[in-house]
């Protein structure tokens, strides 16, 4: 499991005084950086070599998020397939689970614009973070 | 069906030269404004009266989006339940379906923090935009 | 002068019920696309060839912006120097000037990480949009 | 001086592989939270009582920011006037000053839509963070 702590900024609030529902997507993206590093250790993010593309995301909003308290983002790998894997995230604030969501990421070759098999060594590194 | 046309901005691109996957969420939100207006015609968005809260969103990324060409966002109502309804969106660029996604919105009373039934007249207005 | 019309989305509001002050920066960026096209007509935005880098931006917030009404962004070139030029923007809503701001953009070679002179033909194209 | 450390997310990059110039505005906003708390200690951000409005921001981009390394945001008060004060921010990465910027914030009554004098006790609390 990966953990990061984030704090909302003033503009993340919307007119209802809670965090707008698009904001957790940016926190989950930030939480995936260690997973990107499995595939691109130096974070060079060069399209010639970069090998991940987003296929699907979903978000369940189970409780409201406010600006006052820190938010903990917990991240696991929930599935590893042949050519894609799934990341599962939770956002917690003050002991309340507020958002849970998944991201399905495809192993992809941008030069030929096709999905490609995830190398076995990368699979192993992903599996170290399996949701128990 | 509701239609809007949007144009990506320079910063919507990411290091892979395509539109970052979080950006379509902002376009879909913009496309839902006419639906908000069914419930809050003057867009006063006062927490005492406002009656919608987001429960779920999902996004399927079926093709890459680029900065060069306009993007058409097509929006329908796909389901109307007792206390919630579902909005379905598609993002099209140059004849290619690039993103499709749903948003489940709950009819909600922020004063008592509970879901409440959607009034019948609002249901009818939603159903005018049913996905054929 | 360049003109675009934009509409705020729900999440652009902040807890005070007006548009958050960072949002106009995204509209001004969108309004600069025709200026980018003077230098990169096909919007390929390839670091090997792309020749612009942002040196400075400023924003004066002269009135509040709300979600209800469209916003018109008016854009001019206010200065053309040897190696940089300045873009001037205004955001108008319902006859009220709400934001004015400038962006100083440097003609830049990313390969050598140095500013370079703006070609004469590009200067002419910029000057067609001078603030009267 | 206030210090926070932030990390860029994948989508903060633009097609040039560096952090888009609008992103530091969000970090500076986050860095101002302790200053908001001087005026709204419980961060209730209720328009009836909230007393700050943004009048001006500016940003000088002195070096490029990348995704790989953490960014330190340093924040001071640079000026305290009768009805407004100025916050000064710097963004540092790997010993390089990459962005510096100011925000002029007006003490404001949203009920009468007018600026009002900053109370003396708040001025003192601001002055504790003066730029040396």
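For reference, chains read A, B, C and D in written order, and residue numbers begin at 1 within each chain.
By definition in this document, a residue touches a chain if its C-beta (ideal position, glycine included) is under 8 Å from a C-beta of that chain, and two chains touch if they have at least 3 such contacts.
What you are looking at is a predicted structure, and each value in this text was computed from that prediction instead of being measured.
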Pair joined by the larger number of C-beta contacts - C-D, B-C: C-D
Farthest chain relative to subunit C (centres taken as mean CA coordinates): A
For subunit B paired with subunit D, centre-to-centre distance based on mean C-alpha positions, whole Å: 32
Where subunit C and subunit D are represented by their mean Cα positions, the distance between them in whole Å: 22
CA centroid of subunit B to CA centroid of subunit C, Å: 28
Sites on subunit D at which at least two other chains make contact: 10-11, 13, 15, 17, 21-22, 26, 29, 45, 67
List of subunit B residues in touch with subunit A within their complex: 15-17, 21-22, 25-26, 29, 45, 47, 50, 53-61, 64, 110
Subunit D contact footprint on subunit B (complex, rising order): 10-11, 13-15, 17, 20-23, 67
Residues of subunit C touching subunit B in the complex: 7, 9-11, 13, 17, 26, 29-30, 32-33, 36, 42-43, 45-46, 67-68
